[in-house]
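Read through the structure below, which is laid out as structure tokens, and then see the notes.
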Amino acid sequence: MELKYIENILQKVKSGSINVEEAMNHLKNLPFEDMGYAKIDHHRSLRNGYPEVIYCEGKSIDHIYGIVENMLKKDTNILATRANEEIYQSLKNLTNDLVYNPLSKTLVIQRKKTQKYKGKIVIATGGTSDIPVAEEAYVTADILGNQVQRLYDVGVAGIHRLLANTDILMNANVIIAVAGMEGALASVIGGLVDKPVIAVPTSVGYGAHFNGLAPLLAMLNSCASGIGVVNIDNGFGAAYLASTINRQIELARKE
Amino acid sequence: MELKYIENILQKVKSGSINVEEAMNHLKNLPFEDMGYAKIDHHRSLRNGYPEVIYCEGKSIDHIYGIVENMLKKDTNILATRANEEIYQSLKNLTNDLVYNPLSKTLVIQRKKTQKYKGKIVIATGGTSDIPVAEEAYVTADILGNQVQRLYDVGVAGIHRLLANTDILMNANVIIAVAGMEGALASVIGGLVDKPVIAVPTSVGYGAHFNGLAPLLAMLNSCASGIGVVNIDNGFGAAYLASTINRQIELARKE
Amino acid sequence: MELKYIENILQKVKSGSINVEEAMNHLKNLPFEDMGYAKIDHHRSLRNGYPEVIYCEGKSIDHIYGIVENMLKKDTNILATRANEEIYQSLKNLTNDLVYNPLSKTLVIQRKKTQKYKGKIVIATGGTSDIPVAEEAYVTADILGNQVQRLYDVGVAGIHRLLANTDILMNANVIIAVAGMEGALASVIGGLVDKPVIAVPTSVGYGAHFNGLAPLLAMLNSCASGIGVVNIDNGFGAAYLASTINRQIELARKE
Amino acid sequence: MELKYIENILQKVKSGSINVEEAMNHLKNLPFEDMGYAKIDHHRSLRNGYPEVIYCEGKSIDHIYGIVENMLKKDTNILATRANEEIYQSLKNLTNDLVYNPLSKTLVIQRKKTQKYKGKIVIATGGTSDIPVAEEAYVTADILGNQVQRLYDVGVAGIHRLLANTDILMNANVIIAVAGMEGALASVIGGLVDKPVIAVPTSVGYGAHFNGLAPLLAMLNSCASGIGVVNIDNGFGAAYLASTINRQIELARKE
Amino acid sequence: MELKYIENILQKVKSGSINVEEAMNHLKNLPFEDMGYAKIDHHRSLRNGYPEVIYCEGKSIDHIYGIVENMLKKDTNILATRANEEIYQSLKNLTNDLVYNPLSKTLVIQRKKTQKYKGKIVIATGGTSDIPVAEEAYVTADILGNQVQRLYDVGVAGIHRLLANTDILMNANVIIAVAGMEGALASVIGGLVDKPVIAVPTSVGYGAHFNGLAPLLAMLNSCASGIGVVNIDNGFGAAYLASTINRQIELARKE
Amino acid sequence: MELKYIENILQKVKSGSINVEEAMNHLKNLPFEDMGYAKIDHHRSLRNGYPEVIYCEGKSIDHIYGIVENMLKKDTNILATRANEEIYQSLKNLTNDLVYNPLSKTLVIQRKKTQKYKGKIVIATGGTSDIPVAEEAYVTADILGNQVQRLYDVGVAGIHRLLANTDILMNANVIIAVAGMEGALASVIGGLVDKPVIAVPTSVGYGAHFNGLAPLLAMLNSCASGIGVVNIDNGFGAAYLASTINRQIELARKE
Amino acid sequence: MELKYIENILQKVKSGSINVEEAMNHLKNLPFEDMGYAKIDHHRSLRNGYPEVIYCEGKSIDHIYGIVENMLKKDTNILATRANEEIYQSLKNLTNDLVYNPLSKTLVIQRKKTQKYKGKIVIATGGTSDIPVAEEAYVTADILGNQVQRLYDVGVAGIHRLLANTDILMNANVIIAVAGMEGALASVIGGLVDKPVIAVPTSVGYGAHFNGLAPLLAMLNSCASGIGVVNIDNGFGAAYLASTINRQIELARKE
Amino acid sequence: MELKYIENILQKVKSGSINVEEAMNHLKNLPFEDMGYAKIDHHRSLRNGYPEVIYCEGKSIDHIYGIVENMLKKDTNILATRANEEIYQSLKNLTNDLVYNPLSKTLVIQRKKTQKYKGKIVIATGGTSDIPVAEEAYVTADILGNQVQRLYDVGVAGIHRLLANTDILMNANVIIAVAGMEGALASVIGGLVDKPVIAVPTSVGYGAHFNGLAPLLAMLNSCASGIGVVNIDNGFGAAYLASTINRQIELARKE
């Protein structure tokens, strides 16, 4: 709902440069493109320099192909998450600047180089098994214009591995804490530093882990303050939120 | 784990101004006060100008009384959450600058006036029933040094009430979205503005609401990006996280 | 989002009868009234002859009082649900045409007599314990302008009690099936008649009933087709949906 | 339980045209056909012009083959849902007018052209991934004699995509809202229009989505009124209910 | 659905002793009594010598009073379960042969002495805390005409207490195993004797007991065979099922 | 714990025919055979004419092979449940009287013909998809010496299919009600006949069915009395319990 | 099952000092006392010097009174847990050496002074609100003969409070970690020291804490090894297990 | 946090043998090795003679290969759990003293022979299907230096199989009870012997077993005292805890 956009239309109506019917159409047709099975919202990327994002899970390969093909016309950056090998193979011939990362299951087409924000995002993981989720966050935060630093395998079972890296945490604007098992990493980090912490529970575990429910509940109930939680395995979401925070900081820096 | 603090101790050991045993004691006795049943951590408040915080639920009145009495000696600001009338009555005679808010169930003792950050936090609620949680967030964000604006009863069942206030959302640094029922408010706000959104599910609902599980799951699964979730009814936690973000922004502004 | 309303504003802008700033205000201030803690939406009742509805649970008595007081100025019909005795006592002196039903926990102020739709809604219950929920549905459907017929205590443990009343079901436009325990009533009714059935699970039960989860799941999994489910104990919601259906039927009748 | 049917039998007993034993058999053998492993109920399709429906999941291919073979003898329309490729292949040689839709996993044999009801059903989805469920609803509503309109990918993360299509919603008799993720689509539609809304949660999501539990709970707890919910991914059920409503409307139109 | 009853009506129609309309009424009005809020089914008690049963929870006292008052006219035995002190007080003046048991929360009015079945039902409990549920079963089994023997506090933590009483188990027709905590009693009894075992989980426990969920799941997953489970705390249901089994045995004995 | 067996040993000790050490060994070595990975309990089959039973799921094929090979030496009847094709193939060469039923996934070796009990067990299913579970019950009840009658596809969506077969239910000693979806079949049968009903929820369903949780809860909460529930898909367990009841009846008949 | 006890009986049978019937009675009547509603097992306390333990929750005051009265005859130590004020008042006049602790809700009658084991049990809590559960563990461990040390309020939000006390943990034989919120304390302790850790989740928390489910799952999924978990709030159970471990250690020390 | 290690560094600072910067580095770089994706903690194995442990699930084969390759340089014992055939094949060429056990899914490289503790650990299982989990515990306890004894297939459905082996239980220091189904084994063992019992629920079961939830809850709610529970299928964790207990006992023995 762009108030300025609406005001502009009203001005044109007043001046008579467009008639009421045209104004109605403008108000009704905000800048998205209707493909029948998908309505691509160029709005956000146009405005922000943000990439177009496609969440691939559950979409048919035909639909994904069509969406990417359409997006490529605008020459924006594109990030596809939860993309398996098969999707990669089908998209490969659309463009030769497609970068696939099988660990993070991300596909990136970077058409525009964006200047990086000054502030840093640190991504910490409890263990080695949490890395795929952390890498989804890494790739996302990177394409969104952030400087990102990895701090992997610093889980609480060996607390000195984390304590030895406190300075890295101190130098971050935002910290993303990725952890499966009991998810205690977020609490310990939240207790060590007064920074926004985005906690990502992972589905790494078994039995009473219930595919990530255990760390999800732990993170929501953290005794440390300043922790926001995203969905299980949602590396993308954590990075997006971290980037939004980083952008607000950058904007303030430039004021 | 204060690296500077440790370095300082090491310097003193080197210079001989303290001996090894003393250094050991310093390293072991970081600045918290041991009351037997509670270990008060003056650390954070000393460093940050942050208030001391007491979460009252589950603590005996005797313990709360003792903790507050001890804190008052440091003359810091104090925030007690989840405080019922009975707790208020018992603490009232400790000091006469105690402010009790029965709606938010908060007790505030403000000894130091802090300068407010420039950035604003907006607190939106889906309905009137979400107000107690929103007010806990309000009081918390306020005592932590933020400018806060209320935007209550803008739930998605009447979407125009929210759309009519988009400009308020646009002017915020961080938005706290408090909602019970199906918790869709966070998604709609997240879709409207590119700001960090802290989502607070509330226990307002019945039946298959399961005391807040419904909006909690909804918020974690939001189709909008940039949303971090805190525990059900955790107004305090949302405000604390929002304030941490706002502080990072403020720091950048001052760089 | 009233397209006609917007078109009208555009016309006025064009004709110059209002200026752009005024138009912006009109577009921003759709017809709801801001009370700070609540935004009353007179929109719906104005348009539909529908009553204003207040869901009382979780709202403070002060807020409810203020909302009703404000609504009374418009002289519309008012329905308050989940209203306990205390709320009734506090509202009683606002107006003397307040009708309180302690069984359904509803408060009704009927200022306008509406003509009833021709079609009938039948409300069936599995047992006697389901009656409070059924009565909430009854009062709601009635104030919304429907003819309503009760068919109580026809649960499947004594299937002949239901079979003996098949003709009542046959004469309904919509059937509301209210049942706790295992909630089989909806399935059996759905199997007997080809009418829209709104199923309301109730929290009547114990143990593995989990406060209504058992009949909720049963109703969602009904082997009979044509069943829509509302939340546990949501008599109001069932009646509202049934009334919406009935209204569409009435509109067709009048075409 | 057909009262007319029973009355007819009683008349025949009275007139002596059948004896008591025969009457008993008639009363016991209502019009379904016993195949041992399945009892086909021709009753409904005979009466309504409705198609016979087979839910394929969990049934052996032999059983499905037998059931369809038997149904074909009556020359009614047939709809098979949750039919995979293997089932399609096995049934293909039974008849050459079998239409398989791999997206919706439906098999249709349309022997009788039915006149469409005048009222329209609109099927909206939150995203592209919800399309398979929406298509199951589309195929079902179509074979049941309804005019159906698709409105796909209008989820709340980009609310203007929905607002721009409000007129389509306004022209529907019934709206089916299909959404995964947090399922907020149903609430927003329910808040925009005063029509019966059938909400279908989909299993599209991950982590704390719990295979559709998140949108299911959200839809059951919608702050908008007039919403009936069907089981997760139950496109068929939603369409059947919508069609039942549409039929009641059609009947009223013809009164 | 009484086939004999229907046949009888058909015969009367044939002979002309009743006309078709009367037959229709008979078929529609099976022997239950309609009180508006309750439909009392005298059918079962008339046929079986079984008592009328009222489940009191969730029913208003007025409704219970009315139901009992109506039942008393038939002079059958009456059993009311889940009856609290308040209900007892309100019913006391209806009749002076009302027996209230506050431990089992049962009310019994025994107007007819029934001869006891020869076979015995044994009711075993894991602990002392399970006794209220066991006593509900005791009172129920007794009024239904069974010989009942108590075997209380024989839980598996002291397995010799149970082993020492194996002969009591051996002499039962049916065994009711009532247990909270982890509910292992049913499995151990099921492993010791080849009798039908009715398992009743109780809500006795705390924490991860989830009000009876733990023993419920344990009993459903028993490694011993021959165990049927009823709802948590459902002493009545267990006794009713045990009595049904005992009656089948008695009938065979009398063949 | 065989008291007679122990008494016998004591008598031998007394008479000196065995010494104390031997008696200790007898008491310690009750009649089961230790294979290291399994302890086969010949006890029950020796005493009862009951078959040896192997639950195959989770056991390695080597272990199953070894167990069956050992059992065959005793020439008892053998029933293996949850046996897949692979297990069948591996056991086939052990004996040529092995009967495999792929629908029920049962393997039967019947070495001894047992006389059937006089009483009948009826197995009813809600739909065609419930047949595999029902067949597991059929095979089990049959090998345990019962007369069994099938009554398939009589679910409550077409209630007349069940009502037309009430006489079959009336002639049973015990009824096994197998149903997925919402599991209402057990309630309706329990309301129609005063027989012990063993309810078996099946995992047939989807979405909010949660693999059988929906009918499990429904059956535990049945408004009809006299229903005992076994685990989801536990056709074996239902048949075993039904057979135990039938055996008690048979014993009474022979008294 | 005392093999020595049985051997002794067999010897007596052999020598003729008791006859077979007497032997049978001895074997059947192991040393517990039957009070009808409770079977007191003096066995364990006789053998171990362990106190008799009564879990009060769910037991009627009459039953508790009777059990304690009976136990007092043996002059053993008695521990009653989950005892409220009302129970204390009713038992007070039975004996004047009854010690009630309202914080831990324990009642202790210590008739015999036991020598303490040499090894120490440390009880750590995350916060002040966990103290009631920790105190139940303290009182239990103490009466069972252990030296116990408290280490309260050392939760992970301020990790230095725990690190500063590592030496206390190092000097324990067994550590009991009591924590609510996200329950991370157990993991951090388990990572710091190679000692058996008994983790006790507490119900301290709200919202998505689900009364202790969050820390329960966290503790079961700990990334640290060497952690055994007991039920939510089960201070008694943790202390009992710790004491059993401590006793094994003590026995080894004395070998 | 090694206090001695820190003291040593402080001494060196004091003596001037290292400067402050070096001390800082030492304090920051505790003895773990940073591989980027994993931080191997040689600390524990160096100190304890304990093996390095790798939990393979969720880790990429490349990462596992790298970790093992690195560990091999230290010539410590190595235990890899949850290792499938593919992992075994990939590691096989790293060293020829790799022992793979496909039943327990463990890989062992034993470079150092450790002297066994004197005390024994007994591992009991309820059934044959629980053996894989029990064997994971066996292999773990063995490599950790314990004497281990198997007692398999002694579940409570045939309680005499367990009672006949009470002496084996009596001779253990610690007992690990591994059970699926309803998990009653732990309770019965806990009632028979006064030893620490580590209970391991297994995922063996179906339907309302919920992959191990049933025995997990049962074990947490055991009516027997002295039971600590580990995660579902966590044979490793149970053995590790048992070994920690056994080590404490061994240490006491050597005092």
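Which chain is which? They are A, B, C, D, E, F, G and H, in the order written, and residues in each are numbered from 1.
Here is the rule we go by: contacts are C-beta pairs under 8 Å (C-beta built on N, C-alpha and C of every residue); 3 or more make two chains touch, one makes a residue touch a chain.
Remember, it's a predicted structure, so these values are computed and weren't measured experimentally.
Greatest Cα centroid separation from chain E: this falls to A. Between B-G and the choices A-G, A-C or C-E, the pair with more than half the same contact pairs by residue number is C-E. Each chain gets one centre point, the mean of its Cα atoms, and the points for chain D and chain F are 38 Å apart.
A separation of 40 Å divides the Cα centre of chain D from that of chain E. In chain C, the positions touching at least two other chains are 1, 3, 28, 127, 158-159, 163, 192, 207-209, 213, 216, 220-221, 225, 231-232.
Applying the touch criterion to all chain pairs gives A-B, A-C, A-D, A-G, A-H, B-C, B-D, B-G, B-H, C-D, C-E, C-F, D-E, D-F, E-F, E-G, E-H, F-G, F-H, G-H. Across the interface of their complex, chain G is touched by residues 3, 6-7, 10-11, 13-14, 16, 19-20, 23-24, 27-28 of chain F.
Taken together, the chain F residues at the contact with chain E in this complex read 1, 3, 44, 48, 53, 119, 163, 166-167, 173-174, 192, 194-196, 198, 216, 220-221, 225-232, 236-237, 240-241, 244-245, 247-250, 252-253, 255. Contacts from chain E toward chain G in the complex involve residues 103, 128-129, 131, 150, 152-154, 158-161, 164, 180, 204, 206-209. Of all residues in chain A, those touching chain D in their complex are 1, 28-30, 32, 36-39, 41, 43, 55, 57-60, 63, 67, 201, 203, 211-213, 216, 231-234.
Chain G contributes residues 126-127, 155-159, 163, 181-184, 187-188, 190-192, 205, 207-210, 213-215, 217-225 to its touches with chain A in the complex.
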